[in-house]
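In the two assemblies presented below, subunit A is common to both, partnered first by subunit B and then by subunit C.
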Partner chain A sequence: MNRTPVDEPLTASVRSRFLASGLVLVWLVLAGRLVQLQWWEQASLARRGEDQWSFLDEVVPRPGDIVDRQGRVLATSVRVQSVYVIPQKIADREAIARDLGSALQIEPDALLKRFADHSDKHFMWVKRRVNDDEAQRVRQLKLPAGSWGFRDEYLRRYPQKSLAAHVIGLRDIDGIGRGGLEESCDALLRGQPGRRSLIRDAHGRVIEVREEIEEVPQAGRNVVSTLDTVVQLFAEQALDRLMEEWKPKSCCAVVMDPQTFEIWGMASRPAFDLNRTDQVPDDAWNNGALTVIYEPGSTFKPLMVAWGLQIGAIRQDEMFDCEMGEYKMGGRTLHDHHRYGLLSLTDVLVNSSNIGMAKIGERLTNVELHRACAAFGMGRPTGVQLPGELPGLLRPLKDWTSYSTGSIPMGQELGTTPMQMIAAHSALANGGMLMTPQLVKADVKSTVRWTGDSNESSLREIQISSHVVDESIARWVIEEPMFETVQRGTGRRAKMSDYTVFGKTGTAQKFDFKTGKYSNEKHVSSFICGAPVSRPQLLVLVVVDEPSVGKDHYGGVIAAPAASEILHRSLVYRHVPVEEVPLRSANSEVDLGVEL
Partner chain B sequence: MSQNLVVQDWIEDRGENLSPDAAARAGERHFFLCLALVLVGCGMLMVHSASITSYPTEFERVYLSRHLTFLAIGLPLAWIVSLLPASFWRTWAPFFFLASTALLLSVHIPGLGTRVNGSQRWIRIGSWTMQPSEIAKVTLPLMMAWQLTCPRIRRSRSFFVRLFLVWPLLCVAPLIVLQPDLGTTLFLALSMLIALFLGGWPLSYFVAATLALIPLAGTLLVLKPYQWQRITGFVQTWVDFNQAPYQLKQSLVSLGSGGLQGVGIGQGWQKLSFLPEANTDFVFAVVGEELGLVGTLGLTLLWIGFYTMGLRILRHLPQRSFAAIAGITLLSQLVMQAAINVAVVTAMVPPKGISHPFISYGGSSLVVSLVTVGLILSFAKEENPAAEIPRDSDD
Partner chain C sequence: MYFRFASGIILVVLIALVGVGLEKETLSLRREVSRQHFRTEILVENKAKLRWECEQLGAPQRLIEQLPPDDDSTENISKSPAKTKSGTRSKSKSKSKKTAQIKALPLL
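Now for the complex of A and B:
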């Protein structure tokens, strides 16, 4: 051992003490820093930690079903699996593209290109909503974990296929309602997505699912529609036959209970299968009942007559001189198809005399005609719970001319939708109350109403009803002129032996924008009818756009049989008691229903 | 006689044949040994816990078994080391130093040296790898103590002779810098300075050395701004946390996540994948997350206790003796390494590849740390000749 004399003992011991206290001081500083990090800044650092390893994942809720008024399923959802990959984590793109391609019947090259395009992404759908066989095949591939997965999704199914397709609408691949009740009731149907907290590592792999703070998804609520599948089917079948027989551009039918304004059926042609939406012709998407704007023609006449009676401009027992079929009104000459002399008010409607209606228009004047149109809901959407309803076309009063005085009473110079027409006639049929048509049963969520915004509070819980004409007047219009129209007038083809039917035909020439004149070939034929007269249970409107077979496209010929068929089958289906129908001999004078 | 005493110390602890003073010192040595063993135990626990990742494989368990293997090598080795007298170490110090220098040189010989993560730090012998720069952590202080106690050098007042004392570092530093391992180089320099400080190097030299560092840092700043940025990146954790280096951010987040009591041993999230080098250089952050402030302060206390106990068992040695200089330098070096590691983990100093003695996974480091404890015990057992003389006369 080296034993050198201790030359500077004091300095040496000072030095070692200096070193020791220095090092202990360093440790004390470090201890202070640890207290700072783990005590003072603990909360913010811990939050940073949590942010990087926990994330919230959405749990898709099951959308609600749509059922008809009897509980028959119109739209439902089934759980299926979708295949996704994490392109970032794919090591061998070619191999995975080949394997997945063969398992899911996708072109491997196309898949490979998509992998390349999404190479820096964390998520990419390979195929959504695969069937059980495909899912099994994918599982058997035993692809490298962490680069792919299944995700549960809901596949919307429509067991009735094309039935009421336009009313039901679609739920798209992301679960968002598009069109029809699917869109208008989306807030109810979609449900509330749940959340679950997942823990992932730095590579994005999920390593744990935290159950305790999971937010349970709220399944969407079922929506009970006012539709009746059977009545709807009657309408669909009638339209199919009509399409075949008259080959029109389009046609539609609406069945409504005038007492409640509930829609029992609403069909439109051309149609499509809700389960096969990949090859639908563009025009098939339209719901004719809401989007076809046509000049209503004679079906409009009863409304004007009712208004005239309501304001006292005309009387029920009045006679109108129909000028033997030719009437000069200002610079315009009006014609009837048949020459009539004096006609009662009832007969003006039964024979659908244009001259008689023009004279009523002169009594009413433009101001009252406009008020009448507005009162019966023209020029604004009816408010039925469906998206895409058009408001029709009612020009402002200041744009009306002396021409309008003659045109409006016979249903020209304004555009209406079938929905507006059936609503207006339902007001007559129920004793004068115009209400908001209903497609969703009130007992589900009181009454919901489409407001035009699919995102928030899209459904208003009100049914507006407004008094249009007095009950006695409404009853008279139904019981006298409209009943007689079917008994002996233009609507004879709708006559039934077991129910008292009222109705009105309509045949409007379409305005040809090319020539600037009304066309002689293109017509909109319509017929509206209801029964029983004493207390109407159902009202049916059939509108046929541009029938192309034959020359005479009268509403009474084309639309009336279809409407009558729907009405009759529906009345029987609803067990409406059979009535005694007065066998009034048909007036031999009556024409074949020629009208404008 | 000295040899006898040493053996007895280990085998039986009665102290019957010892003077009361020697018995007390034996008790202190045992306490010191216990503290070291507690650290070793903590190390086993943390190495196992921190090796778990989010993607569990068989490989994770390998860390613990390797750690235990090195423990099995290191503990007997440390025991043998502690049995050998200080005079043995003094005699062989130059040889050990030259041997470790040769090993450092062989790292750079193709075929012997192994490159891991872009650094040439390991020697591969069969399936075992060894890190010679760790061995230098023991041999350099011994060499320094040898020099400082060499009578001729002690007596010399020549400036050049004194300056020449730094030659051992100049031998090993380039070899380690080339690996490259700047952290260990600086650490060895620091360790050498401690030895020189204890050995009586004039204070003015330390001032001069500090002043010499300033132009060096300036050159680095101008010539390699990127390097400078890397070194000073830790400052961002204080200024703009989001811009801070990833590893430091994760380290601080781990510590913060632990809070007061920690999330529980084995239950940390950060180590699973977010915290890089969780079982080696940043194992202390895992301690912070899993055992909380209680655990980190407990470890701090353990190190302070280890240090003060170490100084206590060495205090009887004559100042500036080989045993005193080597013992205090080795002890301070070990405690300082732990402190630097904690400072890095808590973003107080620039990040360097410095492991936490006993706690971090690493075979060479563990064996060397155990040998260091063995050496300290060996020196502590050295009887103080100054105190021995009167005691001998008493007997």
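Now for the complex of A and C:
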């Protein structure tokens, strides 16, 4: 088909229009893309670009210190360096393994194997928290740049060494609190990490550390403990002597101010040095005060007497027939260590008569005995600010039998922790108020020394308290039976010439799971005492598990001297005024040779 | 017109230069602040190390571990009367020891 002359210019015009439209369209597309890149995607693309040449490095915050109530440092941190390599960028693995091995005292073959195992990785620790000499030796090696480096880390140091090891706890290699206050106050101690910007080249090598910090790290807060290092030391020294003399399986001591429930000392044996945790025996990790569950034995008796008086089941001036040492109760026969006839309520406790207590148990009945146990905090954790506290063992009332009526008032058939026992006795000592034991007094900024002003502290913990018995009843139990127990009863070895002491001994047979009976060989000996009687300032509990030297296993023989020593030294240290102590009390005609 | 154009350009350039100058000043101040942070960190670190050493040297464990426990102050009534008498004699000694301890402890 032939084209007409009219058609030709038309075609040319259409072509040029098409071309122009095409060009305009292309330009529009390019302009649109430009707007899209510069307008909508600008922020994300800029971020992507920046990520390629800069990155943020975390700046580790300084963990807070733990100090005692006088400001003595229990735990602090010093900055040290850790050595790392980038296995991907190591050219001569054998040479570097050999050099680093000799500088850091690591087996070169083991290091070489680690290099091989992590050959595709970007990061590998060689040795963490090296000392200054090791760091200097590594620097002198002049290893190829970009394949290794140092990182700052904090090393936890404990200037008091093994003192209060179980209470303070540890920080692990990653700086996370494990056990004790280090774990329970980890959120306060750890602080907030900061960030620093670094610039790197196309190969990923750091070429500049920007001086301006993106985010300043916030140091952890200092935690002020209620512990007093000197009182703690008294407790630890007494336990050391006790371990040497009686060679028990374990033992522990707690020192508490019954007015505030603040813990002044808490020690446990076996113990360990916090700065040398690689040599700790397995059984040394346990904090006996919180994790040992034992039958409290006679130390439980004053609590039941107080409850009996509270509900009116017994009277202070009442006499109890102790059946000359043998009493048939249901299907079993109870025995006393000595043959007692009529005993006053005070003497039931002073002589620690099981039969007298069983008769009190009959008056109370199982329902009230269970209420009493629960009221004094048995069967639940005390709430002290430490991890791993056990709740003890208080069976439900429905599982109790007629045996329980006789056993519970004697401190059997239930398991308590030393912390529960000292808390319950503190309630008696302060006039009947059971409170949450306190181990943390305050938390303050790392740069300031705590002056005692509660406004400086961010802690606003509510101390739960409950009224257990009336003040008059609590006072009577402390001033009469428990004071007499130390004056002329089973706790005579805790008597002091310059302070009026009240206390109660406890000797419990351990249950032997092999025979299914109470063992005659294994005992838990304990003693709880406090002073001065008029207004108790301190209470001390010592619990000794399975003393193994000699035939003595009585709390009055084994635990009382240690508890008394701790109490006396602590009272002198606290400048508690010396008192006039009566040589013999009014009821001291009977001086029995029992030391249960 | 050229004058107006030139003065416009000069104004823009001046504003830009002032802006650059201010930015540089801000940056140098930020760097100074960072340097101060680093210096503080070093001082805090030195303080921590000195405090640690100081606490180690002044630890009660180290200072009073050699003191004997004041056993004499607790009466042991299971002792024989003869021993009790000697115990009475030793009371004055124990009191002087106690007084010494009271004097020593506040220094810790």
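Note that the second predicted complex is superposed on the first by the 506 of 596 C-alpha atoms of A that agree within 3 Å, B and C clash if a C-alpha of one lies under 4 Å from a C-alpha of the other, contacts with A are read in each partner's own complex, and residues count from 1 in each chain.
As a convention for this text, a contact is a pair of C-beta atoms (placed from the backbone, for glycine too) under 8 Å apart; a residue touches a chain by one contact, two chains touch by 3 or more.
The structure displayed is predicted, hence computed values, not measured ones.
A.B. asks: Contacts for A:301 in the overlay, against subunit B (first) and subunit C (second): which applies, first, second, both or neither?
C.D. replies: Neither partner.
A.B. asks: By the touch definition at the top of the document, which applies to A:77: first (subunit B), second (subunit C), both, or neither?
C.D. replies: A:77 sits against subunit C, while subunit B stays out of touch.
A.B. asks: Using the superposition on chain A described above, determine whether A:31 touches subunit B (first), subunit C (second), both, or neither.
C.D. replies: A:31 contacts subunit B only, not subunit C.
A.B. asks: If we overlay the two complexes on their shared chain A, which of subunit B and subunit C does A:161 touch? Say first, second, both or neither.
C.D. replies: The second partner, subunit C, only.
A.B. asks: In the superposed arrangement, which partner chain does A:359 touch: subunit B (first), subunit C (second), both, or neither?
C.D. replies: So A:359 meets neither subunit B nor subunit C here.
A.B. asks: Look at A:127 in the shared chain and tell me whether it touches subunit B only, subunit C only, both, or neither; answer first, second, both or neither.
C.D. replies: neither
A.B. asks: Please work out whether A:238 is in contact with subunit B alone, subunit C alone, both, or neither, and reply first, second, both or neither.
C.D. replies: second
A.B. asks: Taking the contacts subunit A makes with subunit B in one complex and with subunit C in the other, which residues are shared?
C.D. replies: none
A.B. asks: Can you tell me which positions in subunit A touch subunit B when the two form their complex?
C.D. replies: Against subunit B, subunit A makes touches at 1-4, 6-9, 11-13, 15-16, 19-20, 23-24, 26-27, 29-31, 33-35, 37-39, 41-46, 48-50, 52-53, 199, 201-203, 205, 207.
A.B. asks: So in the complex, the part of subunit C that touches subunit A is made up of which residues?
C.D. replies: Interface residues on the subunit C side: 27, 30-31, 33-35, 37, 44-45, 48-49, 51-52, 55-56, 58-61, 64-65, 69-71, 73-78, 91, 98, 101-102, 105, 108.
A.B. asks: In their shared complex, at which residues does subunit B touch subunit A?
C.D. replies: Residues 53-55, 86-87, 90, 149-151, 154, 194, 197-198, 200, 241, 249, 252-260, 269-270, 272-274, 288, 292-293, 296-297, 300, 303-304, 307-308, 311, 318-324, 328, 332, 335-336, 339, 342-343, 346, 348, 382, 385.
A.B. asks: In their shared complex, at which residues does subunit A touch subunit C?
C.D. replies: 62, 70, 72-73, 76-79, 157, 159-161, 163, 211-213, 216, 219, 229-230, 233, 237-238, 241, 492-498, 561, 564-565, 568-569, 572-573, 575
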